[in-house]
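By written order: A, B, C and D. Residues from 1 in each chain.
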């Protein structure tokens, strides 16, 4: 028996494969296709306090080995999530991680307080890649200071462990990681999408209504892996890696680099069964390498 | 045509499948195709496609017997045809496959082919899809081309307008490029007629998890406040569509 | 007749297609394949004061729609360049842009002084993506201050226009761009490669001898395009865009986004004729759009 | 086999071509293949390849008549065989194609096939390449497999060692996996023998502009100071190789 379970900030995951925020909605659609209890965990679409429609179409564009999205945080809002989505998710035996996003520290705080009253939430993932309207629209996650501050405020109210999800669009991700950990983050997840765009040369206009979007998928995997490696080698808290993970072999790369778990995003679009195939492939890899526990490969890439 | 197991058994007219055209990451997304025909007994599933870009080119290069990754059936599909009303099916270009399936289903359920008017149009003769199967159903399709190289000269919308004129109670089922559907929608609004439109959209996932395919619709009256104060509501074409009721969509 | 010529900081290029640094060596190899005078310009491999061997193999790895390189600035050094490579390049009727790189400001300065004595150099491209050993190994281009400082020092000695080549591995590329322009940069080129890595899961080691490398190719195009758009919309100096340009249609995207010229890097590996095909394709695009001059499409993407 | 125009006319033994296996960016790089045979008259160029990963799989899926982007001939090639010395050609696995071309060229230039010993080895019988063409040249290849399933039991290096033992003046031409070449090189060094090794490397460009294929060699005595104080010098396998003299490479 190979032990696939891992521990993230006190939360036991039956396996290290989670679905990434914004790439699984609130689980309902996938639950019609397979038993989502088989997943290590689910990260919900990022919630805002009030519901959001998000940007008008076109919201996505395909790129070479990747895609851009400018969904604009379409979500049902914290209330509807708590009353309609959470009870649904509670039926499943998988870790439910709630992603929250806001343009003001205040918003994160209010959501954390609401979530503190709820059962069945394994952890909160704070998506700090949103424009911080109080400080001129730059991402919270772009600078050490605001990143640390918003995590500290969340942490103060949170009843559940807090995972800080980092943006890759920074000069020194290790600095940001240290800052959120110093401010209480129980774990770190990375990476969110890279900023990118595509232009329609016939229409001479941007292909996305929002001009720029976030790049995800296999194209960004090398960038994500380098960042995960650097962060996991610096901070003491567990790291959840993501960015272009399509197969078990990709997931193994992230775990060897130091991730204690992985999130699968874009791959869920291409193949709904991708997360399950990754779990199975992970087990096969461990068997082939005579490993008894997935924990034994975390961070095991040779450094020389 | 695919050996498609359960997909063929479950398929309803207006639904679609996602086809992964390559085994690697180029192109990344699967491609959506309407179900053109499905035989629950043989598990054969038929799609009809035009070579458009790299995904469809890859599909065309496949040889019989090769395996492809299919996923479906997806989408809401058309509501069953109401035999009490006159029915017009309006297919622009590659909109024909699902409407054929709808017509066939209606005929199989006992509707007389004479109650259905089937308009099949394209830019020109070369782009017209093979309509032989429509005749086999007993339909007498009205063929039209924008340039008059085959059938009536005029767009599907032009012909639809002519066909609508003498009628009072009629339901329109339309599928084609969004630009055509927009025109059809305006036409129906003017005549206060009911109808169903099957939309196109880019579809990263096809089953509702990414929001990438969303289309603007009129917000429901009871929506309440939103963070981004949008004057529109978004619906996902893949799962809340691809079929929308006339008047539902907010066109650009 | 369609006019393909553009003007970059006083240098007239017969067409806006250059070959990127490190992706054309010093021109000799390509000159055996086609007439390199047809190029708008050539950017040499980045030179250091003394020659460098570079990192040991493995130095490259293929990724999805991209590649990582950890060449480690293999180059012949400034002396050998001036005595052997430059005389060769002078034979061709194309703009010769010399790329320089250093770990100390001092090195950039010494090279600029040497180049100031040379004929046949259209411009200097300062690659500031190298680790700045005086300030702890972080890239010069990573922060506003050192980026500006090194450009100012180069500018003080340069006889030729100075193009500052920016690194994309930053939080706010517009800040860096403003800083180098404020310090005298006559033009800006971007982007250099994104930091990334790949792990061999069987050997559990990095695929590159240097662990991390630079990601280039189609995978990074959306990121590059977004940065070019932002920078070109902020600074007054001409911008040279690059990152994943494989075809004329890619080049047009960059020019619509605001680039006055483009550099072609990784594409030269895949198809030696790529730069010429891009020039031809650009002409076709302009003809199809009834444009008389390529200058008329620069920055012409619709903003709404 | 390709209709390859000028490439076939110019090709020399030991040179290679770069083949773009797909029309899109997966895989991104072209793939290098040794020229196995080239007919300047018909412009036919032959390569022989084993299906290894996605690039070679794509090549295998090509149908006769399809166009592919080729580029070459590239690399330095083998120096012509010196008829005054005994010659051993040592081919491991996919190292056979270029050595066949070298042998053929030598025979065409008048060298007696009996002066050449051709060793062709593989891990096991299944992986042995077809050596019929060697017999056609009049060669009597020594076949070997690591597991003894065909020919002599033992590696190419084992057999080479046996063949070298009775000889004094001999030149070895070797092509195969780098691990094999390393062993061959050590063997030659011990016997103070001359030889030429055709190396493998990852090749983003194939014509010298990227430095990606570089291999460590002993630095020239007159190199002078370098910025990075390396104890090695780098040579590009694609343009300064793929053929290196025995003793030149610094193996890991």
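Remarks
As a convention for this text, a residue touches a chain if its C-beta (ideal position, glycine included) is under 8 Å from a C-beta of that chain, and two chains touch if they have at least 3 such contacts.
Keep in mind the model is a prediction, meaning the values are calculated, not measured.
Shared contact partners of chain B and chain C, listed by label: A, D.
Counting C-beta pairs in contact, the pair that comes out ahead of the other among A-D and A-B is A-B. Centre-to-centre separation between chain A and chain D, using Cα means, comes to 47 Å. Each chain gets a centre from the mean of its Cα atoms; for chain B and chain D, those two points are 56 Å apart.
Chain A and chain B have centres, each the mean of its CA atoms, that are 35 Å apart.
Averaged Cα coordinates give chain A a centre that lies 34 Å from the centre of chain C.
The set of chain B residues that touch two or more partner chains comprises 25-26. In chain C, the residues that reach two or more other chains under the touch definition are 63-66, 218. Taken chain by chain, the contacts link every pair, so each chain touches all the others. Here chain D touches chain C in the complex through residues 20, 25-30, 69, 71, 201-202, 204-216, 224-228, 230, 232-234, 239, going by the rule given at the top.
Those residues of chain A that touch chain C in the complex are listed here as 63-66, 68, 138, 142-143, 169-172, 194-199, 201, 203-206, 211-212, 215, 218-223, 225-226, 229, 244, 249, 252-253, 256-257, 285, 300-303.
Those residues of chain A that touch chain B in the shared complex are 22-25, 28-30, 33, 48-54, 56-67, 69, 71-74, 77, 217-218, 246, 266, 268-272. On the side of chain C, the complex with chain B involves touching residues 64-65. Per the touch definition, chain D reaches chain B in the complex via residues 22, 24-26, 54.
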